[in-house]
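Quick heads-up: structures coming right below.
Both complexes below contain chain A, partnered by chain B and then by chain C.
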Partner chain A sequence: MTDVACDLCPHRCVIPEGAAGDCRVRVNLGGRLRATTYGRPSAVHIDPMEKKPLYHFLPAASVFSIGTAGCNMHCRNCQNWQLSQRGAEEMESVHRAMPDEVVALARREGCAGIAYTYNDPVVYYEYVEDTATLARAAGLRNVLVTAAFINREPLRRLCRVTDAATVDVKAFDDHFYQEVCSTRLKPVLEALVTFREEKVWLEVSNLLIPSLNDDLPQIRQLARWVRDELGADTPFHFLGFRPMYRMRNLPPTSQDILERARREALDVGLHHVYIGNLQGHEGESTYCPRDGTRVVRRVGFRVVENLLTPAGECPACRKPIAGVWQ
Partner chain B sequence: MTRPELPVASSGRRRVLLAAMVVGVAAVLLPVTPRVLEADGPRDRGPRERPLTAHGLRAPHELAG
Partner chain C sequence: MTGPRRWHVRRRDAPFLALVALTLACIGGFLATGSDSPAGPGGGWRRIDRDALERRIEAGDLSGREALWYRAVEPARR
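Moving on, here comes the complex of A and B:
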C-alpha cells in the first residue's frame, strides 16, 4: 500500500491507497494520484462575463463556463454545494468532454473565452491547464473563478495560461476561514499577490454574511490590504448573502450594509467598488475615478451602456480606466 | 330420426367458458410469476456520462460564479 502526497493546495493531503483527498476528487489509485473529474464537467453553460463577476474584463462578452464535482473549501454557506461538496461518483450526471472538445464547442458558440467556475478550479487543475493551453492557442481567453486556496508553485504554472481571475475572499479573518470554510486565510492572500505578480487581470469579491464577516472595521482592513498589496485599481465586489446549504439560520445581507461596505472601501481609496445581487443599484456601474463620469452602466449582469473610448478611457477626461476592455 | 345439429349457442358457450378458464388460470398464475425489472443486469452505480453538445448544455442559473 503506497500513500500519495498531493502538493496542489495547502491541505497537502496524504492519501492512502483507494482513498480521496479532502477535495473528494483527487484519489490514490494504485499508488498514483488521479484526478477523477478530468474531462468530466458536471455543469456547463454560456454565461455573461459579468456573472463571474468580472466587470473590467471583456464587458458583455459570452464566456463558456464549466465546473466539475469537488472542492477544497467546505464553506457552510456554499451556493453551489450540489457540485462542490460531492465526489465525482456522487453526481447524477456528468458530461464527457476532453479539453479539445471544450475548446471546439466554445469557439463554435462564439464565446470570447472559457471560465473554470461553479466549483473551485483548483481541484480540477490538470483539466483546467490542458484546456486552457489549447484555448489560448485557439485565441480564447481563460478565466478562473476561485477562492485561491492553492500552493504557490502550481498557481504560478497555471497563471501562464490564465488571462483573468476573480478571487472570492471569504473574510479578512483567519478564524472565519477555519470555522466556516475549513481552510486558512494566509495562503489565499499569498495567492492574490501571486496573481498580481504574474500579471493576471484580477478582481476580488467578498460575500458579506450578517454577523459573521460584515463588521465595518474588518471590511476596512480588507480594503486597505487590497489597496496596498494589489493596487487601488483592483475592482472589488461586495456580494449579498442568501441563506443556503448549512447556513439557513441567518438573514440575507441588507442593502444598507452593502452600501456602507461600498462607502467604506471607496473611502479607503479603492477606485472601483461594486455591489452585487442588487439589480439596478448604482453600485453595479463603473465610474471614472477622476471626474465621476459613469463609463459603463450595468443592470444585473447586463451592460446597458458602455461609453469607454476604444482605448479604455473615460470619454470626458481621457483618464485610462484599468481593465482589459477588448 | 335425424341427429339434431349442435346448437350454435351451445358451441359459443363452450368457447366463452374455455376463454374464461384461460383468463382465470392466467389471473391466478401471473401474480406469482417472477418479474424481471432489471433486464440489462445490475445498474451502473457511477454517474451516467453524456457527450457534450450545445443542445445538451445545462442551464445552471442557480449556480453562482
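Moving on, here comes the complex of A and C:
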C-alpha cells in the first residue's frame, strides 16, 4: 500500500490508498493520484464576464463557464456548496466534456473565452491546464475564478495559459481563514503576488460578512496591501453576503457597510473599487481616476454604456484605464 | 429571608453524573483522535465510497486520469 503526497495546494495532503485528499476529488487509487473530475464538469453555463466578477477584462463578453465537484476550501458560507463540498462519486449530474469538446462548444456559442469557476479550479488543475492550452490555440481567453489556495510552482505553470484571474480574498485575517474556510491567508497573498509577477490580468474581490470580516480597519489593511503589493490599478470588488449553507444565522450585508468599505478603499488610494450585488448602484461603474468621467456604466452584470476609446483611454482626458479591453 | 441555595449530590444522582462524565469522556476522546478527515498541514485526507467511485470510473462517468503534482511516500502509521 502506497500513500501519496499531493503538492498541488498548501494543504499538502498525505493520502492513503483508497482515500481522497481534503478536496474530495483527487484520489489515491493503487498508489497513483487520480484526478477524478477530469473532463467531467458538473456545471456548464454561459455567463457575462462581469459575473465572475471581471470588470476590466473584455467588458460585455460572454464566457463559457465550467465547474466540477470538490474544493480545497470549505467556506461555511459557500454559495456553490452542492458542487464544492461533494466528492465526484456523490454527484448525480456529471457531463462528459473533454478539453477539445469544451473548446469547440465555447467557440460554437460565440464566447470570448472559458472560465474555470463555480468550485475552485485548483482542484481540477489538469483539466484546466489541458483545456486552457487548447483554448488559447483556438484564440480563446482563459479566466480563473479562484480563492488562490495553491502552491507557487503549480500556479506559475498554470499562469502560462491563464489570461485573467479574479481572486476572492476571504478576509485579511488568518483567524477568519482558519475558522470559516479551513485554510490560511498567507499562501493566498503569495498567490496574488505570483499572478501579478506572471502578468496575468488580476482583479480582487472581498465578500463582506456582517460581524466577521466587515470592520473598517481590516478593510483598510487589505486595501493598503493590494495597493502596495499589486498596484493601485488593481480592480477591487466588495460583494454583499447572503445567508446560505452553514451560515444562515447572519443578516445580509447592508448597503451602508458596502458603501463605507468602498469609500475606505478609495481613500487608501485604490483607483477602481466596485460594489457588487447592489443593482443600479454607482459603485458598479468604472470612473477615470484622473478626472472622474464615468467611462463604463453597468447595471447588474450588464454593460449599458462603454465610452472608452479603442485604446482603452478616458474619452475626456485620454488617461489609459488599466485593463484588457479587447 | 432565604439563605444561599446549596447543592447536594445525593446518592440517587450518582448514575446520572456518571452518565454525564462518560458522555464528556467520549466526546473528548473523539475530538482527541480526530474524525475520519484529519485536517491540517501534511495530513488531510478523506474517506470516500471507493466502490462507487471505481464503478463510475469504469462506466466512464468519472475519470481515472493520473494527476500532476504528487509523489509516493512511505505509508504513515495510523
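As a working rule, the second predicted complex is superposed on the first by the 326 of 326 C-alpha atoms of A that agree within 3 Å, B and C clash if a C-alpha of one lies under 4 Å from a C-alpha of the other, contacts with A are read in each partner's own complex, and residues count from 1 in each chain.
By definition in this document, contacts are C-beta pairs under 8 Å (C-beta built on N, C-alpha and C of every residue); 3 or more make two chains touch, one makes a residue touch a chain.
Please read these numbers as outputs of a predicted model, since none were measured by experiment.
The superposition on chain A brings chain B alongside chain C with room for both.
For chain A, the partner with contacts to more residues, out of chain B and chain C, is C. Judged by the touch definition given at the top, the superposed model places A:Glu89 against both chain B and chain C. After overlaying the two complexes on the shared chain, residue contacts for A:Thr117 are found with chain B alone; chain C is out of touch. Legend: residue contacts after superposition of the two complexes on their common chain; A:Arg32 is shown touching chain C, with no touch to chain B. Contacts of A:His45 after superposition on the shared chain: chain B is touched, whereas chain C is not. Look at A:Ala97: by the touch rule set out above, it reaches chain B but stays clear of chain C.
Of the two partner chains placed by superposition, only chain C is touched by A:Val4; chain B is not. In the superposition on chain A, A:Lys199 makes contact with neither chain B nor chain C. Contacts of A:His175 after superposition: neither chain B nor chain C is touched. In the superposed model, A:Pro154 makes contact with chain C only, not with chain B.
This overlay, made by fitting chain A, leaves chain B and chain C with a least C-alpha separation of 5 Å. The residues of chain A shared by its contacts with chain B and with chain C are 40, 88-90, 94, 96. Put simply, chain C touches chain A in their complex at residues 37, 39, 41-50, 52-54, 56-57, 60-76, 78. By the touch criterion stated above, chain B contacts chain A in their complex at residues 45-54, 56-60, 63-65. Here chain A touches chain B in the complex through residues 40-46, 51-52, 65, 67, 79-80, 83, 88-97, 101-102, 105, 108-109, 115, 117-118, 145, going by the rule given at the top.
Interface residues of chain A facing chain C in the complex, by the touch rule stated above, are 1-8, 10-16, 18-22, 24, 26-27, 29, 31-40, 87-90, 94, 96, 125-126, 129, 151, 153-154, 182.
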